[in-house]
Amino acid sequence: MRSLIPLVQALVIVFGAPLLRGVVSKLKARLQGRQGASVWRPYADLGKLFRKEDLVPPLASPLFWMAPRIVFAATAAAVLLIPVFQPAAVFGSPGDFVLLVGLLALARFFLVLGAMDGGGAFGGMGGSREALVSALAEAPFLLGITAVAIMARSTQLAGIVTWTLGQNFFDISAVHILAFSALAMVAVAETGRVPVDNPTTHLELTMIHEAMVLEHSGPSLAFLEWANSIKLGLLLSLLIGLFFPWGMAAGFSLPVLALAAGAYAAKMAALALVLAAVESSVAKMRMYAVPDFLGIASATGALAVVFTAFGGR
Amino acid sequence: MVWSSIALAVSLVGFAAVIPAAWIAARTRWLSWLPGTTLACSLLFGTFVGIVLISSTRPLRLDLGVAPFQFGIEIDPLASFFLILICAVSLPVILYAAAYLPRHYSPVQTQWIWGLTSLFLLSMALVVVASTGFAFLVGWELMTLLSAALILVDGTSKERLHNLFIYLLMMHVGAGVVAASFFAFLPASGGLHFSALRASGALLTPGARSVIFLLAFVGFGTKAGIIPLHLWLPKAHPIAPTPVSALMSGLMLKTAVYGFVRFTFDFLGGGPAWAGYVVLLAGAVSGVLGVLYAIGEHDLKRLLAYHSVENIGIIYMGLGAALIFLENDAPAWAAVAVVAALFHTLNHALFKSLLFLGAGAIADATHTLDIDELGGLVKRLPITGIAFLIGCASIVGLPPLNGFVSELLIFQSFLAGSTLAALPAQVILPLMAGVLALIGGLAAACFAKVYGVAFLGRARTAAAESAQEVPPMMLSGMGLLAASCIGLGVFPRLALDTLFSVAQTLVPGSSPPTEIAGLQRILVATTVAVLGIGLLTMAARVRRRVTAPWACGLPGLTTRMQYTSASFSKPIRAVFAAVYKADRKLDVLPANRPYFPSSISYRSVRTTSFERSLYRPMTNVVVTLATGMRRLQTGNIQVYLLYIFLTLVALLAMLGVQE
Amino acid sequence: MILLLPLLIPLVGAAVLLGFGTGGRARVLALVIGAAEIFAVIRVVLAVYFEQPLQFGRFLRADALSAFFLLNLALVSGLALVYSFDYLQHIEGNRFSSPRWFYTLVFFFVFTMVGVCLSANLGLLWIMMEATTLASALLVGFYNTRGAVEAGWKYLIVCTVGIAFALFGTIVLYLAAIRSGLSPDAALDWMALMESVPRLGGEISLLKLAFVFVIVGYGTKVGFVPMHSWLPDAHAEAPSPISALLSAVLLNCAMYTLLRYDAIVARAIGASFSHTLLLGFGVASLVTAGLLIIVQRDLKRLLAYSSIEHMGIVAIGVGLGGTLGLYGALLHTFNHSLGKSLLFFAAGNVRQNFGTSRMDRIGGLARSSPQAAMALSLGTVAIVGLPPFALFVSEFAILSEAFAQSQILVAALFLATLSIVFGGMFHHLSGMLFREEQSAASTRLEWSEALPIAITVLGLAWLGVHIPAGLQGLIERAIAVL
Amino acid sequence: MDLVQFAAGKTLSSSAVFLLVTVLLLAAAQRVSTSIKLFALQSAIITAQVMATAYTEKSAEAWVVAAMVFGLKVIAIPSTLLWLVERLKTRRAVEPTISGAKAVFVAVFMIFLSYAAVQPYALESHIAADALSSAVALILVGAFLMVNRRKALMQIIGLLVLENGIFLAALATTFGMPLVIEIGIFFDLLMGILIMGIFAFRIRDTFDHLDVTKLRRLRG
């Protein structure tokens, strides 16, 4: 019974991700004065897509239909490392956040390869832009987590979370602010949200993620969409875990777990609201402005690391 | 101990026996497998010697005669690790070569290549096990000479000769500097035996220590390909026969790493205080610039050569971190950093050889190495495609493979840097984690480009269209390397435990910290998770229909619509334009009526900035000095007589002054 | 008595050849006399090696040092004679340049060089050196073309002037010896001078003056840089076997004389003065010749400059002194003579095939005559001082002595020049081997050309790996003599 | 007997002056044949000096040396050179690079230089100072002649004057070397002149002129 709790955490993120996406689009619609689709719409989409047949270009290689599944598997495996209700995730060892970054990189690598196998121009275009964005995003991603890890003097996600639990919310240190902003920018860039890439558009000039999944259809497209929403859920849970873990259950008794679940849901809703507000207020950046955006993110990440040396240790 | 010396003797005889075997093989049809198997046997024995000695406390010491200078062999754990690396990694390459050579070269050329390759491997082994300065330098220069001979066997066009000339010249200068670093010990150590050097290392003056360290850094840096000294690497590796360029890129660079480690850790015991930072920064610069230059390339072998520069940069970052830990007396983490660097050396040897062999297979099937002329190869060369994919994934450092494990260890040692007392170490080491992540990201972009353009999508030329799968021997070579990449990726303890015992000898008083122990458990767990979920998703029976994709209303997708390597890397090259400084040439014909062009031609040539700004001025200085000297020889006898009288008068005047 | 034999045989041989060496017989006769000469010299070397040094009358003496140089002389002159067996058919037989005259002059030349090595008296040493110039001048001008005559004339005049100054140096040394109480006829005897060194110490300024004149004089014969201008012309224009003899043996004999004088002066007034001079000339020769090698256009001139460079290395070795320095210097003279004769033999064959030795007109050597190409490349690898061959060992010794005495500037210049020379030589070699096809008749090596080349390559490789005990012993005894 | 004694003493002291005169004339000489005759005169003076020293030192060897010097340098070599001059039918003119007047100035400067250089040595080693300085003067002017003259024959003469200077220096300082060595040196000198003659013929045949400065084919 005791070892099942972490598994439940993982299932919550995996199956809750489409709901998260629905909530975000609902909130965005509301903010823009629209009725917006129902919160459960993403589940309907996935169900529809799973029933459809999978269209494969004539000259595509087996990698074309295997890539979406590998992307989904890698992202789902990454979820196993994220603490949700409890500081301890399913797997934990020193340096596991590097493994997290690695798994996300594995997912992205096969996403780009699957896109290029389609044989069309859009796959290559999406792939090349994704390559640039992810190349520039990986440094601030790691620098952010490193800064927090140095403050917590532990290289394990669980260790960082337990250390942050021990701190009180109000004496927030500069390192945390800088690290949070860096990681937030990276989260936006990684999941292809508005300032970097518009998830809902099919405009050639701007789309990055959509361009890659253009050729896929049926179950492959379902897996890709699902993996993308899991990634969003995963990154937001990581942010919560690293910066606002208060409310996570220490023990295993039922009431404590219920409280933790409630706190997690509330925090996730708050983040969704923030994300929706940002998306509806900021216009999408030009393609060649993205490197500067990520440059700022890496600068803040580096500054966070530098401040750990001078700041409160 | 007796067994290892017998095995060593047998492997030496084996190396030498390859030459007559190659000679016989060239003459008879059915004996063509002979040189390959002899070489393979001697390599097996070499690996056996390495394995036996890597964990033994007493190194095997042989003094082979005094001749003019001591010529001895000593195999201690560090030497045996590199011996294993050289012999084990070259086994699959030999397997590959057995099938590759007859298909590409005439029997005589094959005979030459077999003979020279076995001597090449022997010289590398000699460098690694040498125990005196003289033996080391003999092996060091022979290695360059034999690789140059191997390049010459492959062809002698003007452009190849120019590249070979640059390669040989830089290697000779590097060897000169290495010799100087050995000789710099002489005033203190008397002899050149490693034990004498080790003893005198401690009692060197700080000035001498930093001079020797700098000489060793520059000397071995030239051979390893650290950024300002890397000019020869993308010129020399691509022009060698494929199995040889795999050996050169995979193993020859490692002998430079071995030399550097032997000097800084074993002789100088960590070098001067600032040594770690120099090595760290040089590694970082080499890593970033190496991968950026690789992104701009579309010739596969040259791209892989630039990636060697990048990976050597990563290894040097690990060594730099180890030196900094040693300086701030944190031996435990110093050992981890050294182990990380050595493990990345082994991994790089594996996946770089795999990638070069893959490139050779592509060249064998399509007779071209320009990835813009390939495309859709994974359908026609399935097994090569899979092996190349594993190679690409591991060089980029994706989780289930060995590249990721060594980069993870290096990340951890960077993180541990924050616990050091010295302020600069606290700041620089964690920042290097960001640089390493940037290198990893750019490498992912580069290899996504290579694999996507070359193996996926539609075949761009008839050659790519009609490619045939390569013979099974070549596939088995690549398969062996791919399997070892996966094996070390999922079960790193196979190598890490022995590597820690090697690190003990280099960094005294260090026990492996606890964090590393749990590493293998989580790697196995995540791999099982990924495979499980993956299989789960693929289990569902899916109706699949093949239709032509939507081509925006055009009759059909043509191959020209696909992204080529230049277009794929355009965004990154635009962002890092400062590095490329490509000079573009756009000419529109006819010139006077620009708006009605009959033909437009665009050419963008990227000359490496180092060649223009650093190397050409140096050579110009020497050549102008020489032509100036030529005028001394005027041809007029009276001037010659004047030279003699002037010298005499000058010397007499000097004598007069001295009085 | 056996000391006289190596001197008599070449003289008698020269006379016999002059007498009835006409027609084809000259070549066979020369080989016979050559064999006898080598046998006699080897006997002397063995006698000196096993027993103590030999003395004959007041003038002839053979100790370990002269035995070492005699061994080198015998080996190279034997190879040159074998090589010239076939090399000579293409010389038309007009006055002064027929095979008969060729062999007469060669044996006269060998006589003078043996005389240099065996003479105990510094005056006789000078006379023999002057005689070598005279003998070889006609050999340099043997082809009677415009270039050969010009080279011969310059060689004769410049060397005679140089040698004249050496005579003046010898006289000043003689004066110093007389003033320090030696009897007139013992004043020039090398052994007597060595024994009376403490007394000689008093004449510091005279000894310095003598050594300055001697180093400028004999330095001209060795080809130190300011006085080297005659060497490229002479070695390039002479027939190839003669250039081999000139480069490999004559330069060594000149260096031998300098060694003799350096021994006396260093013992008398301390090594610093003479060694700094030798180091200075050595480094100057090394660097200038190294640089000039890059811009050469003629193959044989290239090899001549390489000889100047290697003589600079030997001078540096002697200038450094110490066991390793001298050992490296002596070994280097031996290795260099092997390597240089190999290269000149190969160059001779290339010159016959292409009719010219201008490198831009030699091309496609690798295809048209692979054996000559192989010999040339092995020779270049050896002469540049790369490991498998012996020159690496001797340069290693000299370099380690330079570092041991922490002569950083000398060592740095040495290493830099080695790389520059490597670059230059490889550039020229790859041009010749692989440039597109020239209209060359593809010829195989004659046996008489292939044999000496094979012997030199084997010698270089064998010495590169292991120095035989005999040679090692001989060199150590030679160092002891100095 | 004192008359001979007196004559020997006189020749020793005054010969230096005569030598300097011959040197100046040589520097100014216009024609090859006059240069050869001047060289013969110079050698004659040196023979006189050798005879004087032989007499004062009472050494039989010196007499033999004197005879050799006379036979070789006064008779044999000049006559061969003169025979060469007609055979080669070279133009009489000497064509120096630096014209006559200036050449003489240079010679004078050289003589002054040699005196200045020799003074410190001569005083403390009590050798006949002027003999040694005239020897050094001969050497310097001989060297100057070789550098200055264009004609091959004139270079030979320059060399001979240099040789004379060295021989005189040997004579002045140590009253001559052992006989065997002296004979060897002279024999070498004779052989040298013979071979230079052969080369002069060859230059004549191949280049049709004897101008040494035009031999500039071998360069670089």
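To keep things simple, chains are lettered A, B, C and D as they appear, and every chain counts its residues starting from 1.
Basically, a residue touches a chain if its C-beta (ideal position, glycine included) is under 8 Å from a C-beta of that chain, and two chains touch if they have at least 3 such contacts.
As the structure is a computational prediction, the values presented were derived from the model and not from experiment.
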item	value
Chains touching both chain A and chain B, listed by label	none
Contact-richer chain pair [B-C vs B-D]	B-C
Geometric centre distance via CA averages, chain C-chain B, whole Å	44
Geometric centre distance via CA averages, chain D-chain A, whole Å	103
Rounded Å distance between chain B and chain D, as computed from the means of their C-alpha atoms	71
Geometric centre distance via CA averages, chain C-chain A, whole Å	79
Of all residues in chain D, the ones touching two or more other chains	143, 146, 155, 212, 215, 217-218, 220
Residues of chain C touching at least two other chains	153-154, 157, 161, 205, 232, 295
Shared interface positions of chain A, touching two or more other chains	none
Chains that touch, pairwise	A-B, B-C, B-D, C-D
Chain C contact footprint on chain B (complex, rising order)	65, 67-69, 134, 137-138, 141-142, 145, 156, 158, 161, 164-165, 168-169, 172-173, 176-177, 179-180, 183-184, 186-187, 192, 622-623, 625-627, 629-630, 632-633, 637, 639-641, 643-644, 646-648, 651-652, 655, 658-659
Residue numbers on chain D that touch chain C, as the complex places them	121, 125, 139, 143, 146, 152, 155, 159, 162-163, 166, 169-170, 173-174, 177-178, 180-181, 184-185, 187-188, 191-192, 195-196, 198-199, 202-203, 206-207, 212, 215, 217-218, 220
Chain A to chain B touching residues, read off their complex	53-59, 61, 63, 65-66, 69-70, 72-74, 76-77, 80-81, 91-96, 98-99, 101-103, 105-106, 108-109, 112-113, 116-121, 123-125, 127-129, 131-132, 134-143, 146-147, 149-150, 153, 155, 215, 218-219, 223, 287-288, 291, 298, 301-302, 305-306, 308-309
Complex interface listing, chain D residues touching chain B	97, 117, 120, 143, 146-148, 155, 212-213, 215-220
Chain A contact footprint on chain B (complex, rising order)	376, 378-379, 385, 393, 396-400, 404, 407-408, 411-412, 414-415, 418-419, 423, 426-427, 430-431, 433-435, 437-438, 440-442, 444-445, 447-449, 451-453, 455-459, 515-516, 518-519, 521-523, 525-526, 529-534, 537-538, 540, 542-549, 551, 557, 561-563, 567-572, 574-575
